[in-house]
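Take a look at the structures below.
Two complexes, one shared chain (chain A), two partners (chain B, chain C).
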Partner chain A sequence: MAKKKKPIIDVDIHERATYYDLVPYLDNPWAKYITDADWTQEKHLPYPIMGIDGLDRADAKSPDGRPAGNSLSFLQEQLLDGVGHEYGILTSAMDPSPSSMHGFYGMAEALAPALNDYEIENWLDKDDRLYGSVHIAAQNPQAAVREIERVGDHPKMVQILLPIDRTPWGDPYYHPIFEAAERHNLMIAMHHNEPPSYYGNYPRYFVEWHSVMPNTHMVQISSMIFNGVFEKYPNLKLMMLEAGFIYAPALMRKMDTQYKYLRHEVPWITEMPSETMKKHVKFSTQPVDELSKEEFEQFVELMGSDEMVCFSTDYPHWDYDSPHNALPKLDKDLEDKVFAENARSFYPKLQAVGGKVPL
Partner chain B sequence: MKTVVCKQEELEPGNMIEAKLGPIPIVVCRTLDGEFYALANKCLHQGATLSKGMICGAAAPTDTPGEYDYIKEGEILRCPWHGIEYDIKNEGRMLADPQRKLKSFNVDIEEGNVVVSR
Partner chain C sequence: MAKKKKPIIDVDIHERATYYDLVPYLDNPWAKYITDADWTQEKHLPYPIMGIDGLDRADAKSPDGRPAGNSLSFLQEQLLDGVGHEYGILTSAMDPSPSSMHGFYGMAEALAPALNDYEIENWLDKDDRLYGSVHIAAQNPQAAVREIERVGDHPKMVQILLPIDRTPWGDPYYHPIFEAAERHNLMIAMHHNEPPSYYGNYPRYFVEWHSVMPNTHMVQISSMIFNGVFEKYPNLKLMMLEAGFIYAPALMRKMDTQYKYLRHEVPWITEMPSETMKKHVKFSTQPVDELSKEEFEQFVELMGSDEMVCFSTDYPHWDYDSPHNALPKLDKDLEDKVFAENARSFYPKLQAVGGKVPL
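On to the complex of A and B.
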């Protein structure tokens, strides 16, 4: 008898829109900036991506020559069917965020709705297993809120993707975005994009930058916690994508200790930061650190909760994690939680829709 | 157990070809000096198919930070996912962790055919 496959909910899949894919969804002059002026986002990261095929797995180009992540049918073949996903959460490969706009915010405000419409029409409406992220131009919270109001009720939009940039997300400047998230039953996620890793700068080597990605995630979590975001928005939950999870226990202890010393500065905080994190923050596994089963369990034990870690592949990127080989073989209860149940409980809309394409 | 992979001239130096030795997926690599090597076609890290990666060279270990010396051109097999490097001519050892190596197989040329056996 065939062995029953474990359910997999993959919380970080990068479907790819080329700029030209977005042209039909853009008004002028924004469309013409792409078609006539060959506009592309300026990126900050100074290094080449060191994989064989740049940012992508070298085996993820579709047979018709389209770039990795651009073809739904090939993504279905190589990932969803090939692995056997129950659900996947799309996080795109484009970032209309402050870090890559340098003040050209009108373009970001045009791109975000175009990307959302592209995602709905070409991906969410075409595969029951795929769920989506609302992309926003974060530098303009009013425009971001308008976009959340426009597409946030789509049954398969489960979260808002927030860029990691210079202003940490606990800042009240951003709070209207959280209000909108709560109104639409959306969670929030942050994915590392190209943040500098120290004092606004980049280290000499990519391997340094890539090794300390958790730094920037810690800044965001600490900002959200100590600015009282989760007290103010009790239904809001945060998924931290693509820095792994083994930094979490250290951050939880550090914040609890500091809170005991410095509570007088943040009297709106009413419980230990680690307790807030257990209720409101989850972490994707990828890029997973190589751990034995015992080591994996120890990190989970130090977090004080086995409900905070969610599996992700980061497909089709070069540091993809295989659901079958990246993690040690875990006991069934923990395996079920990491590979599916923690993500299922994180996204209320995932539970509500249950994988049916909305009519 | 043995298998005929291809004709000798079908695999140019600097290229590789995937095949099976019985149930075992293998990759046959031809280095620039014309020699053939057969290795297990599965990365030791997460099992990616190595023949989807590339044959290239590598920066030699050095005592001097900032110094690069590219060596072994055509002798390094690099994984298509995380880019882990294996030394084809040195028993398929992982450059970053030479204690670990890919399983290797015998290659013979028989009547112009590349034949892999174990």
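On to the complex of A and C.
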């Protein structure tokens, strides 16, 4: 594929770590659980998996048969070189991630450092274009903070990853994580990873889950804002991954209107929620909704800022978005912002290392 | 207040029935539970109630001290005459409504007919402008269908009311209700009535609940559409009450995009979800988000139809919207549609009786 001139920063790439990949980074008993006990804890989905290769692009399996996203050289060939990335932010495809393990907390606390070490050694240290996410066992904020202290200053660690599932992250119990994030100049990225439970019910169909995906993101934004996280940690920023951005204009207005009615309930809030969102929250595009150029611009206009949307591919998942044809052709200024500049300003560390830019 | 010339059809008025009001319409043991056992089942909210008169407008309490919405004559004076309604659709403020009782199903099945009889005798028969909702105990679809058969043909019963709380109503278990609705030319109205449970957690603040209110509505629309309700019952229509309308454009696009990816999962769907929504779903305005005229028009344009939005006051609740100042001044054609014509076409029975139009 011809390399395009436009800079592309991709804020959501799922490099895959299998549990076996992490064995060299684990002490016992954790390593032993994986090898001797054949420990797996795959997340149960209540649906058949939809793609012809499960949740992955069938063509993203590497030539040597490893699962999609597990081979750096094939990811370089197919994505970084093939598509033409300036930078890519790794968000991992280990399922469940340590923070989304609803049981076995001790294992979660062991897996997080192993996953970080694996990521640094096998991905971040081997390609200047790749930046990483700090994985933590957020269930235990003390352990999480220890891990942030350990790897948070790595020059290529740009954010802390939190799953969007059962926990409303604005809860003060988790604020030490945000305090540590701010101390280490790390952003917060959030990514859903299980179907939303609606009063204990799963949606009956996968298509329902994906249609209401933004709901869980809305709950998290609302939780972060009304619990005063951005007042307490004014340098903290939030990247919402993989629910698109077109739900934001309605959420911004709804929060503003309700805040005007009910501000006496949350007296620590010092500005309109939509203003907080403009300063602190960004949205990745994938899975991008089908929008004409005019519609794309209308939704951005209704957000009141063209600096909130960041391109992502979600590689190597089944619903991957190509930067070359998933979005409508935008005007140069907006295109530059969406495809690179909004992410560049969000992640100050991106500029600190200097990548092997393949343009 | 001067009466305006514009016709106003208000699709969400909460007339209040206390449990004691229903005693004359109940047999024993149900009447006895209320009188002798002092039976109440108020819904527990995890928040202090925000208005100075709880959830109601303080000035909506009637002069004789009855709770807001409990006196027809005061509702006529303050709302129907005072504001200038052509028609108002009653949706009740009995809390919990029969369909939202999560226990004591026998009582729910007894309360529903009592509430309907009370509504007909005390409200619908006494003011030509008022139309009503059939209350059912939807937990038991057989009992629900019996009640729809009993009162569904009343000329002033225009819809069946379903609560938005724990049940995703698209589930086939409830389809007999929709079949009965269609048989009696009744629409379906849905109204939330408890905070959304997010994986078992309530939002920590009332302002969070109200900010993510549209989420539960989105779940219900998605559930109704992907479970094929509108394919099975092509004359059925859905009125979504009290979460506004500006969340709809994003939902329509998200559902369309996901349907294109995943249509093999729901082969009974025969058209794009956004098209189904345009034909079958309407949204009440209250609590209207603060929108300029241009923004109001932009959101309507992004819905692809100006026939989906219907004005509502939510009288007598604390966040009541006046038809005379809550919305921006719209162009005549859109104003007519929002304030009356969209509701008029949605509810064919409205024209059958002939109201005492106070214009």
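To be clear about the criterion, the second predicted complex is superposed on the first by the 339 of 359 C-alpha atoms of A that agree within 3 Å, B and C clash if a C-alpha of one lies under 4 Å from a C-alpha of the other, contacts with A are read in each partner's own complex, and residues count from 1 in each chain.
To be clear about the criterion, a contact is a pair of C-beta atoms (placed from the backbone, for glycine too) under 8 Å apart; a residue touches a chain by one contact, two chains touch by 3 or more.
Everything quoted here is computed from the prediction, not taken from an experiment.
Engineer: For A:D59 in the superposed arrangement: first (chain B), second (chain C), both or neither?
Structural biologist: After superposition on chain A, A:D59 lies in contact with chain B alone.
Engineer: Touch test for A:W268: chain B only (first), chain C only (second), both, or neither?
Structural biologist: neither
Engineer: Would you sort A:N201 into first (chain B), second (chain C), both or neither based on which partner it touches?
Structural biologist: A:N201: touches chain C, not chain B.
Engineer: Quick one: classify A:D319 as touching chain B (first), chain C (second), both or neither.
Structural biologist: both
Engineer: For A:F226, using the defined touch cut-off, is the partner it touches chain B, chain C, both, or neither? Pick first, second, both or neither.
Structural biologist: Once the two structures are laid over each other on A, A:F226 reaches chain C alone.
Engineer: Count the residues of chain A touched by chain B and by chain C, then name the partner with the higher count.
Structural biologist: C
Engineer: Give me the intersection of chain A's contacts with chain B and its contacts with chain C, in residue numbers.
Structural biologist: After superposing on chain A, chain A residues 50, 319 contact both chain B and chain C.
Engineer: In their complex, what parts of chain C are in touch with chain A?
Structural biologist: Those residues of chain C that touch chain A are 47, 50, 165-168, 170-171, 196-201, 203-208, 210-216, 218-219, 222-223, 226-227, 244, 246-247, 249-251, 253-263, 265-266, 273, 287-291, 295, 298-299, 301-302, 319.
Engineer: Chain B touches which residues of chain A in the complex?
Structural biologist: Per the stated touch rule, the residues are 50-53, 57-59, 318-322, 324-326.
Engineer: For chain B, which residues are in contact with chain A within the complex?
Structural biologist: It is residues 45-49, 52-54, 78-83 of chain B that touch chain A.
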